[in-house]
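Chains here go by letter, A, B and C, matching the order in which they are written, and residues are numbered from 1 within each.
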Amino acid sequence: MKKRIALMLLAGAMVVSCLSGCGVKSTSDTDQNGEKQKLYVVNWKDYGSDDADFIAAFEEANNCEIVNTYMSSEEELLTKLRTAKDGEIDVCLPNCSILPAAIEEGLLKEVDSSKLENFEKMFDRFKEQPECIKDGKLYAVPFVWGSTAIAYNTNLIKEAPTSINALFDPQYAGKITFRDDYNDAVMTAALVTGQDANNPKDMDAIKAKLLEQKKLNKTYWKTGDEFSKLFASEQISIGMMWSGQAAFMKQEGQPIAYVVPEDGAIGWVDNWGIAKGSQNEELAYKFIDWMISRDFQYNWAVNGGPAPVNQEAADSLDPEYAAGAGMDETSLNRLTFMQYRTDEVKQTWNELWTEVKSSK
Amino acid sequence: MNNYKKWLTAPGTLTLLVFAVAPLFIMLFYSFRNDSGVGFTLQNYVRFFEKSFYLKLTGRTVISSLTVTVISLLISYPLAYIMAKKLKGIRNIVLMLIIIPFFTNQLVRVYSWLIFLQDGGVLEEMLNVLGMAQDGLGILYTRTAVVISLVHIFFPYMVITIYIALERIDNALLEASKSLGASAVTTFFRVTLPMSWSGVVSGILLVFVPCLGCFVEPRILGGVDGMFIGNVIEDQFFEIYGWNFGAAIAFLLFAMVLVAMALIHRMGGEKQ
Amino acid sequence: MKNGALSKLYILGILLFLYTPIFVLMLMSFNESRYNTLPFVFSLKWYEALKDNTTLMTAMNNSLYIAFVTGICCVILGTLFVLGSQVISGKWKGLFSSMMVMPLSIPWLIMGLSLLLMIRAFQMDKNMFFVFAGHIIISLPYSVLVLQARIQALDSALDEASASLGANALTTFRRITLPMLAPAMVAGGFLSFMMSFDNFVISYFLIPAGITTLPIEIQSSIKFGFTPEINAVSTLIIGISLVCLAVVGAIMGSSLKSIFNGGKA
């Protein structure tokens, strides 16, 4: 009797696992056709690099097939790289916050920039981005960048703010929204208190500044949509915002303007890397080269994407659009780019931010 | 025959053991882990109690959850009483109407409150029409907004548990109490309330405990002071990957839930 | 009589509170504005947009599928459990029963993240198996409670009569027990289905990247732009749930109530 029950249990478990395998549709399903070479990409969902038209064009041009798997966080990408067997991942998309860790652990292959036609067309800043380089060797190629700075309502605020201090300015009291994100909060407050945003020393000054700022807010926002609703209903007139979304809202007809102020703001960069176990290096290079090509970068940028690293692409943009979306060179040079942080620093910063949020 | 029949409980019990009980022990294990990955430590717990603001947040979470529970009780008991003892024909329709909102997505409902309460939103417009013009309601992005939405989500559970308990009371008993000269108030406190107490207790359980662990509502509606302890846990898991510290806070929350349940059960035991 | 009018007014007031956000939600699905702002301009455009929104439709299908499998598993596990627990007595019975409903009284946040830690402890990637496991765990109590209430009401004398008439255990089950349990199985399954269909927290912690469910999609729409398409889809879901509720209610009116009945502390 016991044996039969054990068998039943086993059968039940098998049914569940079969059911869990099929039936649920992943949005990454691609047709399995024949012997085509496959390129395994770890990607963000609904990102330009995962666009159906691009995939079709690339597959056509190289007679291959792109297989996307998606990550939901940078941490997850690290886990995937650590546990993947040879050949399971070819290309991946780390940002600067995890890149040094990935390189340090030997999860990425060295990149030979001479195999990339478009490498030389990048802004100099990106050709020698410190996070991509270890011991003088290149391990990753910058892809796109963006910023988190100030957006304001042009109907309600006539004069463009020139300093990041605007987010801390009592004249906008009750009409400001600040982002609920420990990293953005600490970095911005560091900029305002005149410190190195990536290595602030005086954490007490930052805490004091953020506590002072807290009283001026309508609310903190967490997701892009919260901001757009607060903005559209005029509950706020100024706030911390991402470049990409501000540009999108402007296209939608909102009276919004985006500025990267003279005293700086926060920037981020996404990069491409080739996984240690890749068996498909040639195709991987072609993929990355396509990603940083003028045409791809230009098309994505004008369709609400982030800013291009390719200088030709950036130069082809309508200057007014570029400036309005914080994609121009002036904005680029004002940014402090987010760097890799150890777990300890993350915990300290997060704790400081939790304390600010929990105090009355 | 009975000998094998009892094995029918095995699949369900095993599923629970493997996917509900075992993970809790794994959580406990993580909460004692060192961030460097080797050895065990009390550091994660020490850190929680060292910083006063974690305790403050926990306290605020408990107070908000209690507020939600008390308000729910004040709304639910009279409603359940009316349904069980006063209504005749439309009783089942009212019951259905109370159940239906369970079938709307919680996130969407929270979002509706946002639209409803915001400055310049539906409520303000309605007040304007009624001539009670008021610029900038200022309800949204406060703890009040969070409490309103939590009451809205959870009080129907309480209505139903109390309603069922009340429905079971034999009307003849109430009549008897009256005929013995007890006033309506006495009858209520000596007969009705004690006999429906089990429904009240399970209602409290079904409202208070989920409130302790909520994190979506405070995030969306709570503004600058809205944070619950659940948000700290969410941050640890999704923002900075502090698995060990996150597990420790989660375990403390779990311990709180257990204590709350024990207290509520005792409340039930004494009165029954 | 004044008393009666007052009671009805009270009920009306509560229902108003209960339905206000739902009404606002439905109203805004017919509003032109993308940002749910007033003034109200009637439009069906969000319903039309819904047809072409493949992401939302995929998410909806996934949610239905997960909820369906969860519902079936819960009914099977739940039925076996209550049948088996009939013959268990003493402290084991209490222990098993309270373990069965334990997930009701633990915040989902804790259930979700402890399963996530389990995945991590085994050094696995997030996968669908654990999504199902999580959904089954939190939905199972609902099936069990409904079935338990029903089986307690059944007369065990019937079983014995059937046995004494020479029917073997399986026949008794097929001819007597199963038909009598069937309405509770439908009602319990439906409740488990709805719990799973609506669940955000468990999926949020456990879903593999690239796969999405309706609640997850709603949450990410909140992140990247919450359009009234979501209101439109919710309005449709409420409509469909009402129909299902009516059907299930017709099959077994009292079982839906007994779930809370059985959940007494």
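Definition applied: a contact is a pair of C-beta atoms (placed from the backbone, for glycine too) under 8 Å apart; a residue touches a chain by one contact, two chains touch by 3 or more.
As the structure is a prediction and not an experimental result, all values here were calculated from the model.
Shared contacts of subunit B and subunit C, meaning chains that touch the two of them, come down to A.
When chain centres are set by their Cα atoms, the one at the greatest distance from subunit B is A. Separating the centre of subunit B from that of subunit C, both taken as means of CA atoms, is a distance of 17 Å.
Subunit A and subunit C, compared by their mean Cα positions, are separated by 36 Å.
Shared interface positions of subunit A, defined as residues touching 2 or more other chains, are 12, 226, 229, 233. Each of residues 7, 10-11, 120-121, 220 in subunit B touches at least two other chains. Among the residues of subunit C, those touching two or more other chains are numbered 36-37, 76, 222, 226. By the touch criterion given at the top, residues 1-2, 5-13, 15-24, 26-27, 29-30, 75, 78-79, 82-83, 86-87, 92, 94-109, 111-113, 115-116, 120-122, 125, 152, 156-157, 160-161, 164-165, 198-199, 201-202, 205-206, 209-210, 212-216, 220, 230, 233-234, 237, 243, 246-247, 250, 253-254, 257, 261, 264-265, 268 of subunit B touch subunit C in their complex. Contact residues on subunit B toward subunit A in their complex (touch as defined above): 4, 7, 10-11, 14, 35, 51, 53-54, 56-57, 60, 114, 118-121, 140-141, 219-220, 223-225, 227, 232, 235-236, 238-242, 245. Within the complex formed with subunit B, the residues of subunit A that make contact are 1-2, 5, 8-9, 12, 73, 75, 180-182, 214, 217-220, 222, 226, 229, 233-235, 343-344, 346-347, 350-351, 354-355, 357-360. The part of subunit C that touches subunit A in the complex is made up of residues 34-37, 55, 58, 61-62, 65-66, 69, 73, 76, 123, 125-129, 131-132, 208-212, 221-226. For subunit C in complex with subunit B, the residues that touch the partner chain are 3-4, 7, 10-11, 14-15, 17-22, 24-25, 28, 36-38, 76-78, 80-81, 83-88, 96, 99-100, 102-111, 113-118, 120-121, 133-134, 136-137, 140, 144, 169, 194, 198, 200-201, 205, 214-215, 218-219, 222, 226, 230-231, 234, 237-238, 241-242, 245, 249, 253, 256-257, 260-261, 263-265.
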